[in-house]
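You will see two complexes here that share chain A, one where it goes with chain B and one where it goes with chain C.
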Partner chain A sequence: MLTKENVEKVAQLARLKLTEAELAAIQNQLSAVLENFEQIAQVDTKDVSPLVTPTEITQTLRADVAEVFSSERLLETAPEKSGNLFKVPPVV
Partner chain B sequence: MELNTSSITSIAEAVKTKKISAVEVTSHFLARIDQHDKKINSFVSLNARALEEAASIDKRIAAGESVGALAGVPVAVKDLLCTEGLRTTACSKILENFVPPYSATVVEKLRAAGAVVLGKTSLDEFAMGSSNETSIFGSVKNTWNLYYVPVVSSGGSAEALAARLAPAAIGTDTGGSIRQPASFCGVYGIKPTYGRVSRYGIIAFASSLDQAGPMAHSTEDCAVLLEAMSGKDRLDATSASIEVPSWSKSLRKDLKGLRIGLPKEYFSEALDPDVARVTQEAIAALKAVGAEPVEISLPLVKYAVSIYYLIATSEASSNLARYDGVRFGYRSNFDENPAADLGEFYARNRGEAFGAEVKRRIMLGTYALSSGYYDAYYQKAGQVRRLLRDEFLQAFEKCDVILSPVTTSPAFKLGERISNPLEMYLNDIFTTSTNLAGLPGMSVPVGFSKLGLPIGVQLMAKHFDEQRIFDVSKALETAFKAGEKVPNGI
Partner chain C sequence: MAFNDYEAVIGLEIHVQLQTNSKIFSADSAAFGAADNENISPVSVGMPGTLPVLNERAVEFSVRTGLALNCAIRKHSVFARKQYFYPDLPKGYQISQFDQPICENGYLEFYVGNEKRKVSITRAHMEEDAGKSTHHGDYSLINLNRAGVPLLEIVSGPEMTSPQEAAEYAREMRKVVRYLGVCDGNLEEGSLRCDCNVSVKRKGETKLGTKVEIKNINSFRFIEKAIEYEIQRQIDCKETGEAIVQETRLYDPDKNRTFSMRSKEDAHDYRYFPDPDLLPLVLEQSYIDQMRSALPELPSVRADRFVKSLGLPEYDAQTLTQEKEIADYFEVAAQASGNPKASANWIMTDLMRELNDSKTEIGNSPVSAQSLAEMIQLIDKGTISGKIAKTVFAEMWTTQKDPASIVKEKGLTQITDTSAIEKMIDAIMTANPAQVAEYRSGKEKVFGYFVGQTMKASKGQASPEVVNELLKKKLKGE
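Showing the complex of A and B:
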């Protein structure tokens, strides 16, 4: 069972501001989910290395050459900009 | 030409031979969207340049230029694939006004083959959900019964097809999001082998599981679309340098000697009686054309949902870290209430703009990756994942294709499972293992429930052996023609 402190710590790590109601719901729901998922502890995985990508093909590399992408196009998506820069509000 | 029931190949052929123009084809489907989509809600944005793009195909044909296999074929694209100049939202408030400066490789490839993007279809926010109820644009309705879910995140694409609002659609599949809605909506949909299709420009959910794939009204249509989408992409290091066969031209006429693996763990008493009946009918039909059923065992599949959700949410928590409100996407109002520090700036942007299911998954993934829990959750899941994949590879020594149900039951009612995440997650039991193992998997329409809701079966094969899947799909299509039935009122 996750404690309220566990959930608050995870929310802080995940950079998510959650309401008290959200924290409480997540605490209950994730506790139930994790309790169910703990069954994987039954599987013997001694000396098994984790599979991180399913086909394990050799990754191909390409030359490390920068390709220019229009900074104007990229700035079109900015919530706020100033000249050629992304603008963020001051933090106090 | 009866466009609603025409195959992709026949549409492209008619356009190329000028029996009909690409503009006429696109206009027909835009008119259908206008007429029917208010009640179904499958599209979230239409491509304002669709007719212009169609006209340029006509112009190229008139000039005698060669056009691709999808000449003038309108395609509905899931709103998780970036489309340059056309809003791409992932159905999330955090990307509500995002207009990408580039297109996904898949979209570029479809266009290069002559396809016309009609618009963007609805999904569960960031493709996270098993019922298509978490989109900010509202839930998508099941064309077969408006009170039932189209299920799972590519629901908009599946519904657009079922309602004949497009002859072809593109979905993505992280744990079943092409196959489940295909099954619930009576259409064909394939998740190709991991690495077959480039992931570049597809908004990432879980990078080691995500694949895009086609959804359509026949085996051949799916094959033709996948041929156009596949191939190595220098912009996706995990895309495979492997030849793309002409699946559509190599379909077998019979299945003599083909071994169909039936995993005994998939046929439990818990299976819905309608699903069990339809699956048995599919097996009988394949036997009749020469296939040999073989019982196989995949005991680790019972852990698939657990390891899937641990891995998928861990990867998602990392992938979704990019949405911080600095360079694009939603930003909260800090004018009157400034943030105390940079952390609060991020946390408020994210807390206000992500929906409940997305937050829940980010939290689960962050927990599974956090110090002290990493070994027991993320790493352990990866270890079991390897054992599960090896179990599948061993099973394929005894059979050529594995057949199973797609879900434990037909479509469920809107709102029925949204409040209980665990129950919703367990619905993914039959589809998630395919993604974990990186195998190709397809949903093929076979029959209907007593209430008249469509039911498909799932076919799986070895890595890069999509041909075997298409062969079996074609045999089921010939036997049942279940994809031809059109919902009432359409």
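Showing the complex of A and C:
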């Protein structure tokens, strides 16, 4: 069972603000998920190499060719900007 | 530098910006110096639904660097998400590598003074750069041109012990990446960034002290000064019983101090996990072999060769191999002139001075390696003196003419005809009876005066050896 503090920490790391009721609910749900993993962890994987992706497909590479995108269109989507810079709440 | 009863333990993390055309996971330009947010794309600004696609040249450059650093190249490497919130990181995570980096277990050899050092490379992993933020009180501004520029982060073992050693390690690393052509090595523009981990412990202690990371260092000299300051600060803490906090500090070159950065809550809880948007990177042995055989000769190997097979002093070999282009130039000149040492001297003094003064790259030098070699041959054959050669060199620099025609046009051929020189000496001795008497009374210092006068009379064209020889004879009255 996850502690309430565990849940608060995870919420803080994800920048989520939870009410007391939500905290309690999430505590139960996340604990259930972890219990399921504990069950999976019972399986003996001594001779099994870790699985990163479920397929045998590997990375496809892209040629190093630069293309121009419309940065105006991307900037248009910004809620706030200053000149061509994105404007955000203060971070220091 | 001595730290009395203490020893410093230093490790460096160097971020190398790989000079690709496009970004690591998208096709927007990776060029430096574009207008605000000019080089951005839906991928690099982290638009929902976009997917990263790995740049093949970023992989190639990483493998090349790893091989040059004697690393093992992982044939199966994995990209991971490193999660933290900062507005210059638009996705909320940085794509990096965690437990399966592309390069591991290498080493770098370099010199500190005359002493050869070997420092291990723990790992080198690929990742994307973040954007750049500037802070303006009640708001911050974000430029994402740099977001997604490919980086190779090279991590050394914690095994350096002095600020000088750390700075030389970083200098050698810059040389290597420039030789490989994977990075321009420009510290000011941030294409090479160096974070230093520093701790101190009492001599003989095996347990490492608490480590402090210093960021924001943009020159090799500052690496040395920042580490030096930090070691002293930590020793002072130990002496006064003050606790050393594991933290990130910034170096301020104006004050020559390090300052604690405001510590972030929950720092370093990155919750890495394999990025499901990217499949494992699988490299064939044949690909790695091909990269290995295409590696250029590295600076330290080249410097050794210059000493061993061309007979250069260590200092010359080190100086000439700082930049690949200079070493290339030297090799052409040494080969064509048959005189490596003279080639080294001319390059390190006259050529370098002219190049620096005119801010010219050696590749665009008006004096080609071939012409310099011809001029050195003219000296070695006795056609011109070393002194006249300075004039010839200056003329070659401004007119780009070949040395033989300059010597011919200006009549600069050395006078080796003894009878002509004898006549000049006779005239000078007749004109200066007092000095002759002085010399003959034992004041041999005055000899230099006669040499000067004779050289002047010959307009610098008399062979200095012949002048010396004849003067000695004549002054002694032989």
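Quick notes on this structure:
By our rule, the second predicted complex is superposed on the first by the 87 of 92 C-alpha atoms of A that agree within 3 Å, B and C clash if a C-alpha of one lies under 4 Å from a C-alpha of the other, contacts with A are read in each partner's own complex, and residues count from 1 in each chain.
Note that contacts are C-beta pairs under 8 Å (C-beta built on N, C-alpha and C of every residue); 3 or more make two chains touch, one makes a residue touch a chain.
Quick caveat, the model's predicted, so the values are computed rather than measured.
In the superposed pair of complexes, A:K4 makes contact with neither chain B nor chain C. In the superposition on chain A, A:S71 contacts chain C only, with no contact to chain B.
Within the superposed three-chain arrangement, the count of touched residues of chain A is higher for B, of the candidates chain B and chain C. Touch criterion met: A:A32 reaches chain B, while chain C stays clear of it. Of the two partner chains, chain C is the only one that A:A63 touches; chain B does not reach it. By the touch criterion stated above, A:A41 is placed in contact with chain B alone, chain C being left untouched.
In the superposed model, A:L85 makes contact with chain C only, not with chain B. Within chain A, the residues touched by chain B in the first complex and by chain C in the second are 9, 12-13, 15, 52-53, 55, 57, 59-62, 69, 74, 77, 86, 88-92. Put simply, chain B touches chain A in their complex at residues 98-102, 193-195, 208-209, 232, 234, 237-238, 240-241, 300, 303, 306-307, 309-310, 317, 321, 324-331, 334-335, 338-348, 350-352, 354, 356, 359-360, 362-364, 366-367, 370, 376-377, 379-387, 389, 421-422, 425, 435-439, 463. Listing the residues of chain C that touch chain A in their complex gives 20-22, 27-31, 35-42, 45, 47, 53-59, 78, 83, 85-87, 133, 135-144, 262, 265-266, 269, 271, 274, 276, 278-282. The touching residues of chain A, counted against chain C in their complex, run 9, 12-13, 15, 52-53, 55, 57-69, 71, 74-75, 77, 82-92.
Chain contact summary for the complex, chain A toward chain B: residues 2, 6-7, 9-18, 22, 25-26, 29-30, 32-34, 36-37, 39-41, 43, 45, 48-55, 57, 59-62, 69-70, 73-74, 76-80, 86, 88-92.
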